[in-house]
Every structure is written in C-alpha cells, then in structure tokens.
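Across the two complexes that follow, chain A remains constant while its partner is chain B and subsequently chain C.
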Partner chain A sequence: MRDGPNTHVGSMMDVAVSPVLALRKFGCEQSLLSRPDGSSSFVQGDTSVLAGVYGPAEVKISKEIYDRATLEVMIQPKVGLSGVRERAQEHCVRQTCEAALLSTLHPRSSLSLILQIIHDDGSLLSCCLNAACMALMDAGLPMSCLFCGVTCAIEQDGHIVTDPTSQQEKESRALMTFAIDSAERRVMMSSTRGSFSVNELQQCVALSQRASEEIFQFYRDSVRRRYSKTL
Partner chain B sequence: MPWKNAHVFSPSTFYVDRVCYTKILPQETPGNCIMRGIVTTLDMFECFKDKVGEVLLPGDVFSFELVPLDNKADKVICGPGLRRNGDEVLVCKSGILRHKPPNLYWIDSIQKRYVPAKGESVIGIVTVKSGDVFKVDVGGSEQASLSYLAFEGATKRNRPNVQVGDLVYAQFTIANKDMEPELVCIDSCGRANGMGVFGADGLLFKVSLGLVRRLLAPQSDIVKDLEKTFPFEMVVGMNGRVWVRARTAQQTLIVANLLESCENMTTQQRQALFRRVADRVT
Partner chain C sequence: MRETPLSNCERQFLLKAIEEKKRLDGRQTYDYRNIKITFGTDYGCCVVDVGKTRVLAQVSCELVAPKDNRPTEGIMFINLELSPMASPAFESGRQSELHVTLNRLLERCLRNSKCLDTESLCVVSGEKVWKIRIDVHVLNHDGNIMDAASIAAITALCHFRRPDVGIQGEEVTIYTPEERDLIPLSIYHMPVSVSFSFFQQGTFLLVDPCEREERVMDGLLVIAMNKHREICSIQSSGGIMLLKEQVLRCNKIASVKVCEITELINKALENDRKVKKEGGKFGFAESMAKERITALKSEIAPVEMIDIEEKAEDIICRTGAPCDTVPSPVVRAPGTGQVGEGLQNAWGLDEVEEEEEEEDDIEQGGPEKQPESETITSKKGDVVVISDSEEEEVVILHQGVEVKDFREEMSSGQKQATSASKKKKKKRKLAH
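Then we have the complex of A and B:
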C-alpha cells in the first residue's frame, strides 16, 4: 500500500480473482421531459433508459382500486413492439415500485410509468429499475424507501461480474438482477436466469447490497445537484 | 374584477398552508387533515435542526425518543413530505427540509402534479354543467365539484353565469383522499373576496408547483422583480396554473415567458433578464 502507483495495478488484478465491485459509470438527469409529472434518464455505461411518470391522475373505472393507486408500467423497446420479454420486465418493475410506493395515500387514482429503452448494453432490467426510482422521486410521489437494481453475471469459471455488458451477459453461465431497498438493504425483487448454486446466489446478493450503497450515494448526489439552485 | 386582489387574498403563510389551515379549523379531525402528526418531544428539535436546509430523500428516518410533554409549545408539526411512523419520522419525498419557527417542519420539493388540499385557492376550468353543480378540472386526480350556489349573490333564482370552458378562481372546502374535492367561490362571510369567474382576455399557463409557492410567498422576490417591468394582472393558483393579463397581448406573452423561465434561474440571472426586458419594452 505504501508504493502508491502500484496499488492501482494490484486492484485491477484483483478483479479477476475475487468478486470486486466494478460498476460502470452512472449518469442521471431528472425532469428532462416537460409533459410528464416526473421524468428521468438513467445511463449505466452504454445502457440507457428514459422514464416518465404520470400521476396521480384520473383512473379508468375498470382499473380502479378503492384503497390504493393503480400502478401501470410500460416498457417500450428500442425498436418494434413490446413482447413477452418486456412484459416480464414490466412485471418485475411494477412489483418493486408497488412495494416502495405509499400508494394508499392516493386511492382511486392511476400512476403510469413508461420506460423507453434508448440503448441496451447489458444490465437492462437494473437500469430500468434505477430510472423508475428516479422518475418516481422526481414526480414527488410518496415512497417509504428508495430502491435500486443491480445485475450480477456469473461467468463460466465462476467469477461474478456486477453490472455486466451485453457481451458479458452472453458469455455468462447465470444472470441475476436484484432490487435492493434503501432502508435496510433488503432484496425486494430478484430475477434470475441460468444455473447457479445457493452459495453463488448468496454471494451475488451480498455483492449487490454492497453495490447498492454506491448507487444510493449516486442518487443522493444527483438529487442534491438538482436542488442546488433552490437551496 | 375578481382577480384584482388575488395575491393579497392567497394564504400569506403559504408554504405551510396545509398545516396552517388545520389550526384555523380545529374541528377537523387528525384523520382527514394533511398534517401528518404532532410529535411531542424536545429531542425531535435537535435531530431536525441539523438537517434543516439539506436535501433529503425518501426513506431517510429521524429517530427520537417519545417523551410526552404537557406544554403545547414543545410539539413539533410535520408538514408535507414527512410522515410519522411509531417513534420515528419518515421522509417520503425528495426535497429540502424547511423549518418555520417555532416548530414547523416540512419537505420543500419540486413537483408538477397537484394534489388538492383543503383551503388552497386554485384556478379551475369548468368542464361539465350538470344540474346544480359544475365539474371543475383543477389538475388533480379527480374533477372537483362546484355548487352554483357557492358564488357571491347566487340564489336558486339568480344563477351565476358560468359556461363550460370558463376559468374560475376558487377555494377547496373539501379535499381529502377519500372524498370528491369540493370548491367554493365565496369565503365564510359569503363574499367573493377575489374569487369567481375570470373575465375575458388573459392567458392561462402552467408552471411547476415549486415556482407557484415561490410566487405566493409573502415577500416573493420574483414578484417584486416582475412588478418593476410593466403593469399587469396576475392570478396564481396553488395547482400550478397562472393567469396573466397585461395591456397588450405582447406584454402578456412576455410575462408568461418570463415566469416560465424563472423555474431554473438563479437570482442574479433572473434580475439581469428582467432588467433587460423592462428596458426593451418601455
């Protein structure tokens, strides 16, 4: 540790040996759209998602829930129509948002969240979750806690990569996405693909929880930047 | 002219209006008022004090020990964005924690969607005329109802002249999450007091709720700066709608554009812009 320049090399080599947290660069912008009540764009490396939230607005009678708000999530792919894959992702995002939102404060109203995929370069679901959280926060909807998404890929040789690119996803043996809440760092949602052992799953959860700290800190910094003019 | 003294009439302690009104109307039960809870402890002051003026995010928690106090002055009142949960106070919106002496705390956030609150004055658009009530769009999740008798001097015989599409400046008498919101265009003495149907001309546009609060704040510097440009009339509704009328259509548009641009400007930028406009127009 004493010889400064070498420590960097050392840590880079560690990446290949033990699961070290390596997230791509984040970027986020809130209130960038004028029409929706809340909007955000979230960028993780080359993956980019644009989110818009409308609500609490008038709800269709058929979708009305008498004691809480109806949440609708739509994921629009970059090209073509949304299919089964998007539906599955919509479901994951909706379950997570419903858990975080205090929807009982706006009964008989509708909340719609629209996620437009700008570019997919791996970890798409986690990017969608992050964009969704920022957009909900921007809309000023009451939430009990924040959430973030972290994707982990287990490579053929058992190494865990956080926030994988689509190339890494393709080469991976297993792929898992977790939604982590900000209050107790618990897993709110998990979506997995491929085969892995219980031990590996637990490793991934632990890693995601560590990664979530970084993401929540990023959330805080970007919201602080947004309010800096009115402070 | 119903808009004449509109901003004099708007609640003067405007940021905390949602809390204030619960004080004026003591018959309101804590269940349906917006005030989230009265916390009885001195410890609270301490944990809030360090955070005043800081940006907080949903999920942030203030923990404290609950000590019952007899003295009412020691109670802490939590406004929008703060919720009491057992012996902790939870932040549920992102924004800046604000404090008003002696013991009022709330989260000041930038928002676009309006949620009706009792006592707030809004600009609504009449959408439906049915029997004895008008339906008014106020930008919330539900249309508000406005009785035709809730106008100054209105009786069963003498109906107010309100058409579909008209703008009204009205106040909420009922606004809670479980009931249909209800508007009136008279105060408790039966006087219009600045409320009612808008006259011809003028321009209606929308701004964020944060900007509206800044405009309505008692000594608002935006309004002060704007007054120096040229004469105009302005009505600001708490629901983010602003109505402006100046001498000419051009001046009306200038005011509208200036207000919209205030959203993301620092004080210096704003003052420089306003000065430049005032020089050009007059």
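Then we have the complex of A and C:
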C-alpha cells in the first residue's frame, strides 16, 4: 500500500503511511460517580481520564453571561497543581465543548466540566475530549453534535501513527490532535506541535476523520448498551 | 456552586432513623461500606472506593536538598486535593476549612506517626535526599473522606517503588528502571484512620458515616491506628463531650476495623504483585467493570488507510496555491452581497457625464425619456427624476469592473441588472 499511491513524480512531500494503523483498545464507563450530574471515564490503551460535569446550575455574578451558559473546564493533573500545560488543554477542550453545546438554552447558568487525569500514556488531549463528550452526554446537556478527539503523530521517517503512546509521542516529529464533530466530520479544534507539510496535515485530517468513525460507532454502541434495558 | 442545603424533613428523618438504629443504606452501626482498591499501571498509584466515596492517590519522588535541621532525613510531603469533581461545594484553588482539617489529619496520621523510614531516603547527607510526595485527589464525596484518603495514601506508599541511585565520589546517578530494579520504600507500619460520628450529643455512634449522616452529626472522632493497636493520632471535633468509656470503646472498634482494612490492603498489594509477576494485564483499564451496563470496552480498532493519500492530495489540489496579494482586506462570507465592494472607484470619471444627462432629463421634462422597463409605472405618474438618477448611479458603479471568479456566482444577478441598465443607457443616448 505504501508504494502504490506514492508513485506521482515531483512531489517532495511524499508521506509514507505505515500499513498497520489502529486505535488502541478503548473503553468507557458512564455515571460512575454519584455526586456529579454527569460523569464518565474514558480509557485509551493505558491513558485514562475521568470526567465530571455539574450543571446547569447557579452561576457567580462575575461569570454570568446574559444569553448563554458559562462553561468552565478544569483539568486536574495527577501530581502537583495545574500549570500552563493544563491551562492550554483546558482552553482547547472548552472551545470544543462550547462549539458543540447549545449553551443558549441555559442562559445565566454555569456548566462546569472537571477532568481528572488518571494516567497519561500518550494522546492525552484526545482522551480528555472523548471523556468530556461522554460526560456531557451523561449529564444530558443539549448538544448540536457530538465530538471526539483523535491524535496523530508523524514519526521521524514520515510514518503516521494514530493514537500514539507516550513513547511514540516522544519519538515523533510532529503531533496533532483534532476534534471531529459527528454531524459532518468537520474539524472543530486542532492543536499541533512540531513541523509538518501541508500534505501531511491533510493526510492526518483525513485519517482522523476516518478514525472518528470508529469512535462515534463506539459512542453509539455504548449508549445503546446503556439504554438496552429501557428500550 | 453552592451545596444543596439539607431540608428539615430530611434532617429529622435521618435523626429518627439513627435513633431506631437504622441506617439509610441498610448497614449496621459498626459496618463499613465496601472497600475496593485498584492499582494503576505505574507504581504508587491507586484508587480507593469506600462505598461511593472515591479517592485517587499518587506517590512521586524527587531529589532535593534536605532541611537544615535534619540533614540526614528524607522529606515526606502530603497534599490532599478536594477536586471540584467530588462535590459542587468544593472550589479549586480555595483552601476551605475542611481542606485544611483533612490535610492536617492526614499529615498527622502518616508523617507524625513515622510510618516511613525517612533516614533511608537520604542519598548524600546534607545535600541530597529523596522527597516523597503523596498527592491524594478526592474524586467523589460521599462521606468519610478521611478514611478513604488514609487508606489510599498508605496503599500508594506501599505500592510505590523509587529509582535506585549510585554515588561515585561527588556524582549522583539515578538509574532508570531498565538499568536497575526499582526499590520499595521501607515502611514500619501502616496507620489507617477510622471515623466515628456521634449523634444526639454522643448517645448514638456510627462507624464510617456517609455524606448524609455527616451532615446531621454532632461530633466526629477520628482514630488513626495500626494493626499492632498503636494509636497514631486521635482527634475529636464538633465540640461534644465524650466519656472515657466511649473513647475506649471506639478504640476497640477501631482496632478491629484497622486489622480488617490492613488485611485487605495487603491482599490487594499481593494480588497486584502476582499479576505483574505473571505478566498478566493490570491497570485501571483492566479493572473496569465489564459486566456493568454503563461500561463498554472495544478491541483494537483498525483505521483504514486506503485512499487517505489521494484524499489529502485532492484537497490540496482543490485548494490551489494561495495568492500572494490579498485583493481586499474585507472577508466575504458566501451568501452575502456587498454593494460596490472590491470595485474600481468610478465616481470621478462618470460624474460629469451623469450630471449632463440629468440636466438633459430635467430640461426635456422627461416622462418620455424613461427607460422602457419603467415606462409602465412612470408614464402614469409624475416625473421620477430622482429614481432615474439613482438607477444611473448603480450603473456607473458597475462600469469597467473586473468581476473576480469567486464573486461570479453570487453577483451574476447583479450583473444581469447591470447589463440591462447599460442597454437602457445606450438607448437613451440614441434618443439624444
């Protein structure tokens, strides 16, 4: 497969794609905490994130927005206090959630999403996004679409790896995380690190869109399983 | 977010139930809720569930300079975090009273009881010692955080392995796990705290109060003890007067409970060790309940790679090379029209001509001069000179225009109008 499509001449941006490409085993559990309105834990390989959602609830006057709900996202690291890295990730997750949530239906109220990192073994941001989406679903908040996160890493030799482990992340040349929506498979958020060509970027986007199908199917299956007794 | 207050009805109901020696979850007075201990994939990480209360503990270590007054002792640092996930009342970054109390209790339970051999953590006297940091995150608050936290902290400490260090002269090298095996901490004993809550000024006593019971209790007695029946710390709060007999009775109960819990911790540690030794699967992903209806696991999902490259190239081809010069700083959204935008300014050129024409129109008193399309309306009415001139203005604006490709679709309607009016103009000129 690697030889086939790359036969075009003159392109300097040939990207070899490794033939074995897969998402690690993933798992999810919803409403596992009693206190939050919605909670979920999402596991991708060894990476594990726990998410809890409170809301819609009373909002502090200083944070009140008159025509929509205020969304707060907090990412709690396992060791120490949250720093710049967590703040950046919080920002990415918040923007994605804000785009998906129909927050205008709950004006002057607060939604808080808390993500606790249980174990980091690569693709942390995408795992956070997935856990966040599952928790928002569990909380029953109205959303215009679902979203999922996919992380792609480009290795030194140009191979693309989806859902990399932290070892693969360290060895990679570039790392990209995309949030894909479920309605039209569009990119809602992207966060990249390292350098890459336009061709590589487009390939990663296309790949993420393909991988998102798997994750959305998983969402569907888990929700179907969850409500299988009531249906 | 504020905590939902407890209603008087609930309060009375709870107190009455306790008076009748009944508990909401069907437990007996001295019963603990189910305790579950799960370990993560890395060392020193565990999650402890006591009923619905869930606590995560992680132990980490680093080399630091020792304290001046204790140059040969390692440092043990305990940080209990009340995550806002645990309860809506917990706010991040704010030190509440509960937070301070729990932190202090945990410190007394672990550090002041000297359960950890801190001298073995010394690397170079007065220069380098290990600092053992215990982070305890409360993930779900359903009462009795203290007991869950103490179990989690001591379990994580027992589970933790620190890297080996070598000293050659002045140089200190930390070996990676591949080079040398990790070393467990030396732990003298395992203190575990047991909480007792008192109701009706000490008349009723409950072990392991849940969140609802904590809300209506009058006083709390926390006893930290190890399995050798040595009391590590004891604290009574809430301002109730306890009798000597009551405290002694609590001690007896605590010693039984501590033995049970220590047994459980040892069993859990042993299990984990066995699984790791056999090379089996371990970690949180494995301990997820599969039989639960709310949980689902998937196998490794392959992602199809066929035609990814074509797709990428296709997108790039379609996008085309970005143009070097930006024609206009104004961003056009599809489906919106902007009058006169991005066009050549033709005001100076045609104004004279237009004025002449207008003058002509006025002079000739032109109902007859109206263009054909407008004749139906304007022939009947008065002379609509102004409307005419407006029409002409539009015409002039669109003259000599290079319409960009991407504007073609949306402005085609406009263009038709333009050409139509150009025709009109020609006609009028002929009429002159």
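Please note the rule applied: the second predicted complex is superposed on the first by the 210 of 231 C-alpha atoms of A that agree within 3 Å, B and C clash if a C-alpha of one lies under 4 Å from a C-alpha of the other, contacts with A are read in each partner's own complex, and residues count from 1 in each chain.
To be clear about the criterion, a contact is a pair of C-beta atoms (placed from the backbone, for glycine too) under 8 Å apart; a residue touches a chain by one contact, two chains touch by 3 or more.
Since the model is a prediction, treat every value here as computed from it, not as a measurement.
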Please determine, from the superposition on chain A, whether chain B and chain C clash or fit.
fit
Figure out whether A:122 sits in contact with chain B (first) or chain C (second), or with both, or with neither.
neither
Quick check on the superposed pair: does A:57 touch chain B, chain C, both, or neither? Answer first, second, both or neither.
both
Could you tell me if A:137 is touching chain B, chain C, both of them or neither one (first, second, both, neither)?
first
Chain B versus chain C as contact partner of A:230, first or second or both or neither:
first
Just checking: does A:202 make contact with chain B only, chain C only, both, or neither of them? Give me first, second, both or neither.
second
For A:210, using the defined touch cut-off, is the partner it touches chain B, chain C, both, or neither? Pick first, second, both or neither.
second
With the two complexes superposed on chain A, say which partner A:29 touches: chain B (first), chain C (second), both, or neither.
second
Report the partner of chain A that touches more of its residues: chain B or chain C.
C
Kindly classify A:21 by the partners it touches after superposition: chain B alone (first), chain C alone (second), both, or neither?
second
Now for A:80: first (chain B), second (chain C), both, or neither, which partner does it touch?
second
Where chain B and chain C come nearest after superposition, their Cα distance in Å:
5
Contact residues common to both interfaces of chain A (with chain B and with chain C):
31, 36, 57-58, 110, 226, 229
Which residues of chain A touch chain C in their complex?
1, 5-6, 8, 15, 17, 19-36, 39, 41, 43, 45-46, 48, 50, 52, 54, 57-58, 74, 76, 78-80, 110, 112, 114, 116, 118-119, 121, 162, 198-199, 202-203, 205-207, 210-211, 214, 218, 221-222, 225-226, 228-229
In the complex, chain C touches chain A at residues 1-2, 40-42, 45, 47, 52, 54, 56, 58, 60, 81, 83-88, 92, 133, 135, 137, 139-142, 283-285, 288-289, 292-313, 315-316
Please output the residues of chain B touching chain A within their complex, sorted ascending.
53, 55, 57-59, 61, 83, 90, 92-96, 108-113, 115, 140-143, 177-178, 210, 264-266
Residues of chain A defined as touching chain B within the complex
31, 36-38, 55-59, 100, 102, 105-110, 137-146, 181-183, 219-220, 223-224, 226-227, 229-231
